[in-house]
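Two complexes are shown next, each including subunit A; its partner changes from subunit B in the first to subunit C in the second.
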Partner chain A sequence: MTGYIIRRLIAVPFMLLGISFILFMLLYVRPGSAAFAVVGSVMTDPEAQARFEEKFGLNDPWYEQYGTWLWNLVSTGSFGDRLTPPQDSVTGKLIEALPNTIEIGLLTIVIAAIFGISVGVLSAIRRNSVLDYITRGVTIAGLSIPNFWIALLLVTLPAGWWGWSPFAFEWTSFTQDPFRNLYYAVWPAMVLALASAAGTARLVRTSMLEVFYSDYVRTARSKGLRERSVVWSHVFRNSLIPVITLIGLQTGAVLGGVVLAELIFGIPGLGRLTYDAVIAQDYPLVLGSIMIFSLVFILVTLAVDILYTVVDPRIRY
Partner chain B sequence: MSQEATAPAPPSEAALALEYAIPPRQRFNPLRWVRREPFGAFGLLLIIIVAVGAAFAPLLFTTDPQQFGTGPPLSGPCLGCSSGDMEHRAWNETVEWREHRLFGTTPRGRDLWSRVLYGGRVSLKIGVATVLVGTLAGTVIALLSAYAGGVVDFAVGRLADMIIAIPGILLALTLHTAIGSDLPDLPGLSSGEFTLVLAISAFFLPGTYRIMRGMVLELREAQYVESAQVVGASNFRIMWRHIAPNMFGLMIVITSISLPAAILTEASLSFLGLGVERGTPSWGADLSGDSRQFFTQGWWLAIFPGLALSMTVFGFNIFGDSLRDTLDPRLRGRI
Partner chain C sequence: MRDNENYWKRLRSRPVSRRGFLIGGGVAAAGGAAILAGCGDDDDDDTPTAAPATQAATATAAATATAAATTAATATATATAAPTQDPNAARRGGTLKLWKAAEDAGLDPGVFHLNNTEVIYSTMTQPYTYQPSKDLISRDGMVGWEQVDPTTLVWSMRPGMKFHNGDPVTSEDVAFSFSRLPELYTALGATHVTNTGFTYVDTFEATDELTMTENWLSPNADALIYRARHYYSFINRRLVEEQGSVEGTIELADGTMKDIRSLQQLPLGSGSGPFTMVRRDAIGTRLERWPDYHKHTPADDGFVEDGPFIDAWETRIIPDSAAAKSAFLAGEIDVYNDVDPLELPDFEGQDHLSILEFPAGGYAHLGMDGGKFHDKRSRQALQKAFDYEGFIAALRPFGGTYQGPVANTLPHFALSQEELRSYYRYDPTEARALWAAADFEYPVDHLTVFMATGNALQQQIGEFAAQTLGEALGIPTDVEAVDNNTWAARALERAQVKDWDLLAYGLGTSGGTTGLPNDSNLIHYDPRGYGNSAFNHSLAEDLQPRAEILADGTELIGMLERQEQEVDREARAQLLSELQHWVLDRHWCNWSLPPATVSFFGFSSRLRDFAPNDWLNFYDRRRESMWLADA
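Coming up: the complex of A and B.
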């Protein structure tokens, strides 16, 4: 087990290396892009452009650029400087933005797990009842309604109709004012959680129903156990394994959704940073922020794999 | 008192034949399917509505979706309204306002009903093309890499791990800017749409590859593959004639399950302004930018494109689910 975790941890830097290489090739090899786009929009002076290209080494061959970038990252932990003014450090921007994104992501996953699991369990216990049919319909609808649409409606309509909106003030970070911050953050998290909760509820229902008809549950019942203990300690625990996989898999979707949510709700997080960087063609910033997104994803996946062994002792690596 | 126990008579030969006979292959009966899978049938109905709306858009009381001034700007949905009204666009040109404006008009007087119907064309076209590219490429890569084994298989597998680790929408964003506008126009697919298709299909490639690779490894152990090997079939023949056909069902299931996700991704990218060309009707683009500021003045702007998108995705979701349960119930909960 420890050996497995260590092996997985060793693989992480190699994966990041590969990801950075793929992204680098995608972003930098595009001919005549960065310097022209950035400088062309700001200044028309060819001399200034040459100085700019010189400063960022944009005329070097790609392997030299990548090598420099990688060496800076490994030796000083710096992702380089932004191409767009004020050309400050990418790392600083990332550190500024990351906590907001992590907060929204965590809130989303917690809300989704709470609602998803409870609705799924309820639906499985009262299977084929009216309640079950309603929740099944609602969950499929929840999976189908695009969350950016709901977010849009939430941001625009209450403000216009009733002159009330939870977003009447600027985003404040958690350290400044936890209550204001949570009051703001809970909305995007709920919107994002809708689809994840629906997916979780459906999976909890299916996997609990599968376990309900297994032999050991029949044994537990015939021993005369109370229904409550059958449901919770026999069925529920054993149906959790696929659910944990799903919650792990949904991390990717949640991270993607965060990008849209941050843009619509105006939260200064990593997603908005990445989007703005893509639009401004600020490639070092794009590279750095996507790397952080991938790192978060890889670590969550690793955590999920470790969690398996806790939930299901039969799984050994 | 005790009854004489009668030993059960040995079954007659006719009964045995009946019991062991291979049942005649049942013909697919649509009515029975509808009764067994009401959700799936409802999904199919929604899909048909959307597809018919998109395909026959020109016949369904639409106008050019990009035409400005088909009605007064920001006028609500109405039937038989303001017939005969005109807008003077230039000193010598007048445009007659449309009599029926089912979904209202946009802030610049475009007809929303036409935009929603024509937007369905874009969504379906890009969704289907994306999923086809993603599924086909994923399957082919899975076949080749699982068959090559060794270093190749390992490398492709790690590459898939890396791509999965990048959030899909960011990958699509990056690819979209990386590809730029260098692609040629294809018949029925403009260069911008082609870029979108490639950018979004990268999103589905690694997942499809993983599922398909597992399937190939499973099928490779089958006895008929072994017997084909024994009689000296080439690797290519085994892949093409024995393994690939057996993956077809799974391919259909994956296609139908990825399709709603592809449509949603296209809408999200268009919403972000990185999708189809400006002005092209697209559900995502129609919810963004210009019209977003007018949501409170015109609720129809906020509702109809989103509703069309949700309806389509909903239809594909429930249809895909029931297709999966019909074709391969073992996959329930796995994809």
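Coming up: the complex of A and C.
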């Protein structure tokens, strides 16, 4: 197991290298120039653009630009400086924004897991009942409706109807004021959790129904075990592996969705930072933020693989 | 100010008594029971629960407003009896809450004026003059001026002014602030759209401690208004030199090289205005009233005694406009800009806010690539191929109007509707004939309308243009929409021929006016401004402009300079009329699509005496007499 984890961790830098290269090339071939964003509403002339590009090495061949960026990252651990004013450290901006995104992401996954598993279990236990039909309908709706639309409805409708909006307070970090922070963070997390919870619920239901009809469950029942023990010790636990895989994969969807959620709810997280950087063509910031997204996703996938061994002792690496 | 103390530290340091523990436990148990009970209840209960809460809030707000009014009345009555008390006490205090879509790229007032940075400048920094309305120029950083001769203006500065860090504002600082601008633009290699604010100035001199002299190359009619602009704010020279970031290097007349610095972060002490910035982060900005701002006692032109009334300005970053609208509806922000007329029903029945109607001061343009449309007939064909009345019917639900190079919000200088209609006339037959007869150095068998994404109305404008032009001229058309930054870069790219044909920009729905023709539409036609780079009418030799473009551009610059120099209002109106007819007759650069007749802005009811008409001009929002009813 330890050897497996070490092998996986050794592979992480190579995966990140590949991601950074592909990402860099995509940014490189994109039309437009960061030079305009730097001077705001000022119209630059070619000399000014050339000076700017020379200052930041933007007129170097692509392999030199990428090499310089990579060497800087490897040798100093720094993602470089932003191209847009005040041209401060990318790493500093990422450190500022990351905790907010991690918080939203974790909250989303927790809410999705709690609701998804509960609804899925209920639906499986009460299969073909009215409750089952309702939960199946709701989960299909949850999967079908885009989360940004739900977010917009959540933001706009209560404001028009009751004069309430999630913007009663400014965003405050958890360490400054946890209650205000949770008041603000719970809305985007619930919106993002909806689709994840719906997917989880459907998978939990299907997995549990599969296990319900397996031989060992029939054996457990014939031994005279109580239904509660059958459901929780035999059915639920054995149906968890695909659920854990799904929750792990949903991390990617949550990280993607967090961009829109942070924009709609005005949260200063990594998603909003990435969006602003893409619009401003601030490629060091885009590279830095997407590398962080990738790293988080890779680590979550590793954690899921490790979790398999906990849930199913038969799995060995 | 934000409390930066760690919550957990505060919690840990707080002793918990046995009684407190028991009370907390009891509350938690009761809360848990209530939640359990609530979970089993019917959702239908939500509405009656919410309604009393709303009513209570309304009642509280009404009571507060009544109390404030009573207090104001009492304060006024008391003031009559005892003159030592402040008659405006009830108006003082409170935080004005605004929003903007994105963080400011930078804060140097000489460089940036995007994303509501103007709120920061107009409150934090201080220029010579202050323009509380487009028809009024007040004295701010100076107490008087004298036009010694047509090219010499002498300013008397206000004594005792200080920057926010306590440094005195000296005439050296002022001279430095002004002289820095042309150097900054040279260093940036940039052309600011407001170049015309100082290109006529030869030197800025600090004559003595409290006197500044401007020597001009030519007379200028707009100097007083220009000196109310934030880019003419007084900047602390010491801070620029100590903390400024180097933007570039210029060569001085004696051959030496000089580093030119900007103040991107606007550190404490940069400005000397009535508010000082206490916070700027990814959440927004907060500016608080600076107690040492000079007093206008007794109140004088546009200022109130011991003003401003409002204590703080907060601007939150809300990237999504629907979310900002929600915050406005919920009373979390005080101003909601540029309300879409189709959204008006959403604001009905909301007592805590009001939607006000203004004459629309905006513009919507289609710019033409001067490289391709060098022949006047091709430009005329395009303009005659556009269905103006159809455009108004389709995209201006509250009516549309015609607009020339000087915006309709300056009626003294703008052309009449009849004059404009004679130029903007839809005639597909004539358009086809002109198109067929036109000379094209670079053949145009397809038209691309190029625009930025992100705004539904902009998309509709682009698509309407492509459709009407395609149908009238009988050639294929399409719309290319790209992100704003790519759009700007490609729009401004200097090339013999652009990779687009028509540039769609501006919504024609709102916008204020400063009272200056140059600040209105005119800058878009100016070969020294947007008319240069964006429309490829560059007069630069390296682009080898066509002879007719070069001749017309040179003639237009001469006309622009003459109207800027004309101080007689009537004579200037005549020059501007001639200039506009010249532009429209030559179909120069771009053409104005009919803007909306009215625009709508939302204001919270607690915001009082804010002069709605002037709010549209973003230079004028620092109105000292504004106050908040629930402060």
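Assume the second predicted complex is superposed on the first by the 298 of 317 C-alpha atoms of A that agree within 3 Å, B and C clash if a C-alpha of one lies under 4 Å from a C-alpha of the other, contacts with A are read in each partner's own complex, and residues count from 1 in each chain.
As a working rule, a residue touches a chain if its C-beta (ideal position, glycine included) is under 8 Å from a C-beta of that chain, and two chains touch if they have at least 3 such contacts.
These numbers come from a predicted model, not from an experiment.
J.: Could you say whether A:160 touches subunit B, subunit C, both of them, or neither, answering first, second, both or neither?
T.: Both partners, subunit B and subunit C.
J.: With both complexes overlaid on chain A, does A:297 touch subunit B (first), subunit C (second), both or neither?
T.: first
J.: Identify the partner contact of A:265: answer first if only subunit B is touched, second if only subunit C is, both if each is, neither if none is.
T.: second
J.: After lining up the shared chain so the two structures overlap, which partner does A:3 touch, if you call subunit B first and subunit C second: first, second, both or neither?
T.: The answer is neither, since A:3 touches no partner chain.
J.: A:224 contacts which: subunit B (first), subunit C (second), both, neither?
T.: neither
J.: Report the partner of subunit A that touches more of its residues: subunit B or subunit C.
T.: More residues of subunit A are touched by C.
J.: Is A:203 touching the first partner subunit B, the second partner subunit C, both, or neither of them?
T.: first
J.: After lining up the shared chain so the two structures overlap, which partner does A:86 touch, if you call subunit B first and subunit C second: first, second, both or neither?
T.: Once the two structures are laid over each other on A, A:86 reaches subunit C alone.
J.: After lining up the shared chain so the two structures overlap, which partner does A:281 touch, if you call subunit B first and subunit C second: first, second, both or neither?
T.: So A:281 meets both subunit B and subunit C here.
J.: Could you say whether A:170 touches subunit B, subunit C, both of them, or neither, answering first, second, both or neither?
T.: second
J.: So which positions on subunit A get touched by both subunit B and subunit C?
T.: 30, 33, 152, 156, 159-161, 263, 275, 278, 281
J.: How about subunit A: which of its residues touch subunit C in the complex?
T.: 30-49, 51, 84-87, 96-97, 152, 155-156, 158-165, 167-168, 170-172, 175-178, 263-266, 268, 272-273, 275-276, 278-281
J.: Considering the complex alone, what residue numbers of subunit C touch subunit A?
T.: Going by the criterion above, the answer is residues 2-4, 6-8, 50, 53-54, 57, 102-103, 105-106, 111-114, 185, 188-193, 245, 248, 264-265, 281-284, 316-320, 322-323, 325-327, 329-333, 346, 350, 352, 482-486, 488-490, 492, 494, 530, 532-534.
J.: Given the complex with subunit A, which residues does subunit B contribute to the contact?
T.: 39, 158-159, 161-170, 173-175, 177-178, 180, 260, 264, 267-268, 271-272, 274, 287, 292, 295-297, 299, 302, 306, 309-310, 313-314, 317-318, 321, 332-333
J.: Show me the residue ranges of subunit A that touch subunit B in the complex, using the header's touch definition.
T.: 15, 18-19, 22-23, 26-27, 30, 33, 140-141, 143-146, 148-149, 152-153, 156-157, 159-161, 203, 206-207, 210, 242, 252-253, 255-256, 259-260, 263, 274-275, 278, 281, 286, 290, 293-294, 297-298, 301
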